[in-house]
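Here chain A shows up in two complexes: once beside chain B, once beside chain C.
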Partner chain A sequence: MSASNESTTGTATAETTKEVDALRKVARELLESGAVKMVIGYGEGYTQGKVMPIFLTDPEEVNRLIFDKRCVNNLATYLKKPEIRAMGKVAIVVKGCDARAINVLLLENQARRENLVILGMVCEGVGDPAEEKCLSCLVNTPPVYDHLFGEKIPARGWNEETFAKVEELDAMSPEERWEFWRRHFDRCIKCYACRQVCPICTCTRCITDKNQPQWVPTSPHPMGNYHWNLTRAFHLAGRCVSCNECERACPVDIPLSIINLALVKAVHDQYGFIAGMNSEDSPPLATYKEGEEQEFIK
Partner chain B sequence: MAEFHPKIYAFLCNWCTYAGADLAGTSRMLYPADFRVIKVPCTGRIDPEFIVKAFEQGADGIWVSGCHIGDCHYNTGNYYAQRRWTIFRHELDCLGIDLRRLKFTWISAAEGRKFADEAKEFVNRIRDLGPYERFHEIIPAEPELALKTGGGN
Partner chain C sequence: MAISIHANNFQTLFDSARDAGYRVIAPVRDHTVTLFKPVEKADQIVLDEILPTKSPKEYFLAEHEPILTYCRDKSGKVSIADPSLEEVMQPTLIFGVRPCDAAGPEIIRKVMTWDCDDQFFLRRREASVVVAIACVEADDACFCTSVGQAPDGTEGADILLVPSSDETGAVQEYLVQPVTDKGSEFIKATKGWKEGNPSRAAACDEVKEKLQKRFDPDRVREWLDAGFDDPYWNTATLSCIGCGTCTYLCPTCHCFDIVDEGDLTCGSRVKNWDSCQMCQFTLHASGHNPRATQNERFRQRIMHKFKYYPQLFGVVLCTGCGRCQRSCPVDLALAKLVERIYQLACEPVGT
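And then the complex of A and B:
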C-alpha cells in the first residue's frame, strides 16, 4: 500500500473512460478535503492483467483507481474489517451487487451510513466471459450510492436461466442430490475462504471457531465438510446478495452458488424478499406475519 | 435378526408438546419408546445446528414439535421457528437429506392422544425406512472425531 509500489502497479494505463476520470476526481476531492480517511477501490494488480483492491489515503495516488470488466471482487467485504471500521469515514467503489451487500450491512447495523461515501459504478456485467451472476443482475445501477458514475441503465433482472441449476437439482431424487453434494463437499479443505471473502459473514467469532461446544466439526472429513457448508449457506439465508464471491474464492470449485441461489429462491418464493435491495425491509428470518401456516407442519 | 429400534430425537417445547407427552403418559396411552426427548423452552430455541448435530450423533429420524401457532408461551417464538424451518427444510432437501426422516408437528398440552398417535406414526415410518445409512456413512469411525460435542453422546 506504500507509495513505493507505485511503479509496479501499472500506472501506465493507456486510456481511461470518462466514468473513471470522474471517479478519480471525486476521490481526489474527498481525500483532499479530509471528508474521508480512505478510498477503497480497484487498481492494477501486480500480475499483468489482474486487478486488485487498493486502499488510498494520499490524494496524489487517485490515478491508480480503475474500473473495467476485470473488477469482479466485491470490495464491500473490507467494511467488516475492524481496521477499516476504526478509520471512521471511508469511501468505497461499488458495483450494484456490492451495493446490495452494503444495504444488508446497513440493515443489520454492521455499517453506519454516515461513515460511508458510496461511489457507485453503473455496471453492465464484469468478467470475460461475463460472470454467471451478471446475466441476471438485479442492480446494474447500484441501489444505494452517494456519487453515481455512468448513466443509469435498467437491470437485466431474473430470467429463466437464473435458477436453472437449482431446478436441475430439484429434479433429482434426494439420493442423487446427496451424491451430488457429497462429491463436491468431499473436496472441501476447510480453508474458510468462502467465509472470509463474504461481505455478509460479519460475525467476529464464527460458529465454526467456537468449541464449547464444538458445533461444526473442524476436520475436513465428509461429515465436517457437510456440516460446514450447510451451516454457512443457512447463515446467509435471506441475506445472500448473490455476488458469488464465495464460489470465486473456493480453491476446489465447489458450486456454492447453487445452494445460495436455492435459498434466495426459497426466501423469495415464501416471503417475497430479496436481500439488499434497500436497507429498510425487515430480514425475513427475523420477522413473521400471521397466516403463514405451512403444510409440512401438521 | 433383532427388531430394528431406530434412534429418534424429539425436540419438544416445554410448554405444549412436552406437557402433551406427559398427558399421554399419565393417561396410560401406549406408544413406542424409540425416541429420546430433548426438552427445549420453545421451538424458537431450536438452532438448526441441533438437527444437523442429531444426525451426526447417528439419528435415524428427528421430530420437532411445539405449540400451535397463536399458542406460544412467548407469544411469537413459533412464528419465527416456522419461518426458520421452512427455509431450513428447503435447504436440507436441496442438500439431499431424506425429508421423510424429519417430522414437524404442533401438539398442545391437551393433545395427549395426538402425541401418542404421531409418535406411533413416526416410529413406524422410521422403522420402515430403516437406519439412515447414507448419513451414517459419513460419520467418522473415530469416536473423538465424531463426538466432539462437549456434551457426550
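And then the complex of A and C:
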C-alpha cells in the first residue's frame, strides 16, 4: 500500500486515430478560447479495458479524450443533469445514436442548441462483438453536429433482423408472451437505472416518485414491476432513439430493447415517424392536427 | 478430525438439508445473470464466477416485505394484522456465498439491533445457515482486504468451505471449517460430508497475494472528518447518473422505504429497498432537498460507508466485493475514489 500511487483517473492511450487527434485539437481550441465551459467526452475508465465519461475544463487535459469501439455510453444523458445545465455552453462528443437523443432534447426544449457544440463522431458501430443496436443503425453519420470527425458513411439501416425479436414475441400466444415478460420482470429490483441512464427520461420528478397518490407502486412485486416497466416504455413511445442504454445499465439484464423496438415499430407503422432524425418534425404523440381521424374516440 | 466435502456430494447435502426442513438457496444462472435462488439440483449452481450478480442480502433484508395489513369493513371498523412470519422463520440453507457477501449481513446486524431490534432481519438470520466458499480468484474490482475482510474470511458464515484444486486448477473438493455452533450442528444433521482432509491441500494463498491492500480505512475516515466541503467532491463524481445500481447490489447497503399500498378499504404497509442515490431519498415535503445534487448524494454514500458507520459501530460499511465497480454503467469505481481520498489523506499538509 503506498500513498504515491499513480493517478487513478486513467491515462490516455499511446496510439490515437487521426479522428481522435482532430477531436482533441478542436476540444483544446474550444476550451482555450472560452467558447465552451466544458467538454464532455470519453476517456479511459477506472477498470482496465473500460471507458468512462470524462468532463474536461482544462485544455491541458484534452489528450485524455478517446474514441473507439468501447465508447458505448450515450453521453447525451448528461445534458439533463442540473450540474451540467448550470455550466452554460458545453461541447459534447456524440455518435449518431447519441446525436438522435440530442435532437429529441432540442425538439422538446430540454436543451438549447446555442448552448451546445456537438462533436460528432462517424461511427461504424460500437461494442465487441458489435452491439445489437449497431446492426440496424440509421445514423452512422450523426444527424446533427457542429464538427464532424471521420468521413461520412452511409447508414446500415433497418433490415429483416431489426424487429426479429419483436416479431418473435408477436407470434407468441398472449399467455406465452405474458410468461416471457413475467420471467424477465421478475428480476427487476426497481433500481430505476433504466430511467436514470436514459437521455430522454427528462422529467425532473418521475411519475413513480409521485406519491400523492402513488400512481406506480414502488414495490418490486409482479404488479409493481409490470407497472413500472410498461409505464417507462410507453412514455418513450415516439421518443426512444434505440440507444439501448436502459438495457445496458440494467443490472439484471431485462431485455428492455425489445419493448422499445415494439414501440418504435408501432410509431413508424402508424405515423411514418422515427424519433431524433431531426429536431423539427412534430412528434406524433404530442401533436394535434385539425382534421385528424377522430373515430377512435368513443 | 478434519471434515471435507466433494462437489459430487452437494446433491446429497441439499437433499438431506431439505429432509431436515431447509429450503436451499444457491447461485444459479437466470437469463444472463447469476442470482441466489431456490435450487433443486446441485448441477444448477454456479460456483466458478468471482461473484453472483446480486448478493444474497435479500434473504435477510427482503427487497419487498409487507409489515402489516389493514382492512376497513362496511361498518367502518378498521382491523390491523401482523404479517405471517412463516416465510421469515423458514429454515434456509444459503450455499456458495463468498466471504465478502457472508460478512455483509453481519455488518448490517449492528444497525438492525441499534435503537430497536428489526425482527424480520434477526429472525431470518437466526433461521438461516450460511455456507461460504473461500475465493481462489479475484478480479481488479475486488478489494476485500482493504476493508478488513479476506478471501477466506469467516465473518457471517456458519461453515466455510476452502477449495482444494486438482492439478488442472479445477475445484472438486473442499476442506470444511465449521465456524459457529449452528454450523457444527448443521453438519451433524445433514449428509454428504466426509471425515478426513481433501486429497490435495486446500488453500487460497495465490488470491491473497493478489489482493494487496489499496487503502487504509482509518486514514480515509480521518480525511473525511474534515473533508465534507473539500473541492474534491465537486468533480470526482460528476459522471454519476444516480442509477442506484451500486446500492441495490451492495451487500451492506440497507436503506429501505416504508409505503402504504392498497385501496380505500384494504391494503398493506410494505418495506421496500431504497437508495440514497435517488433524488427523492431526502426530498422534504416542503420541496427542499438537503442533498439536491448527485455529487452530494455520492458523497453521502462514501461518508456513510467510511465515516458515519465506523463512528457509530466501529466497522466500515463495505466488504470490498466490488459490485459497485463491476455493475456501474459509467465505470465510476467507488474503491478508486476511496483510494484517491487515501492519497489525499497521506499528502503532507500544505501541499
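Operating definition for what follows: the second predicted complex is superposed on the first by the 276 of 298 C-alpha atoms of A that agree within 3 Å, B and C clash if a C-alpha of one lies under 4 Å from a C-alpha of the other, contacts with A are read in each partner's own complex, and residues count from 1 in each chain.
Everything that follows uses one rule, which is that a residue touches a chain if its C-beta (ideal position, glycine included) is under 8 Å from a C-beta of that chain, and two chains touch if they have at least 3 such contacts.
What you see is a predicted model, and the numbers here were worked out from it, not measured in a lab.
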First, second, both or neither for A:G238, with chain B first and chain C second: first
Touching partner for A:K152 - first (chain B), second (chain C), both, neither: neither
First (chain B), second (chain C), both or neither touched by A:Y288: first
First, second, both or neither for A:K81, with chain B first and chain C second: second
Contacts of A:Q214 with chain B and chain C, given as first, second, both or neither: both
First, second, both or neither for A:P174, with chain B first and chain C second: first
Which of chain B and chain C A:R112 touches, first, second, both or neither: neither
Partner chain(s) touched by A:K25 [first = chain B, second = chain C, both, neither]: neither
First (chain B), second (chain C), both or neither touched by A:V51: second
Residues of chain A at both interfaces, chain B in one complex, chain C in the other: 211, 214, 217, 219, 221
Sites on chain C touched by chain A in the complex: 30-33, 35, 53-54, 63-64, 140-141, 212-216, 235, 238-239, 241-245, 247-249, 257, 259, 261, 270, 272-273, 275, 278-280, 292-295, 325-327, 329-333, 336, 339-340, 342-343, 345-347
Residue ranges of chain B in contact with chain A within the complex: 48-49, 52-53, 56, 69, 76, 79-80, 82-99, 104-106, 118, 134, 137-140, 145-146, 148-151
In the complex, chain A residues that touch chain C: 1, 3-5, 8, 45-48, 50-55, 73, 77-78, 81-84, 183-184, 187, 189-193, 196-197, 205, 209, 211, 214, 217-221, 224, 245, 248-249, 251-253
Residues of chain A defined as touching chain B within the complex: 166, 169-170, 174-182, 207, 211-217, 219, 221-223, 226-227, 229-231, 233-234, 237-238, 258-259, 262-263, 266-267, 270-271, 284-288, 290, 292-294, 296-298
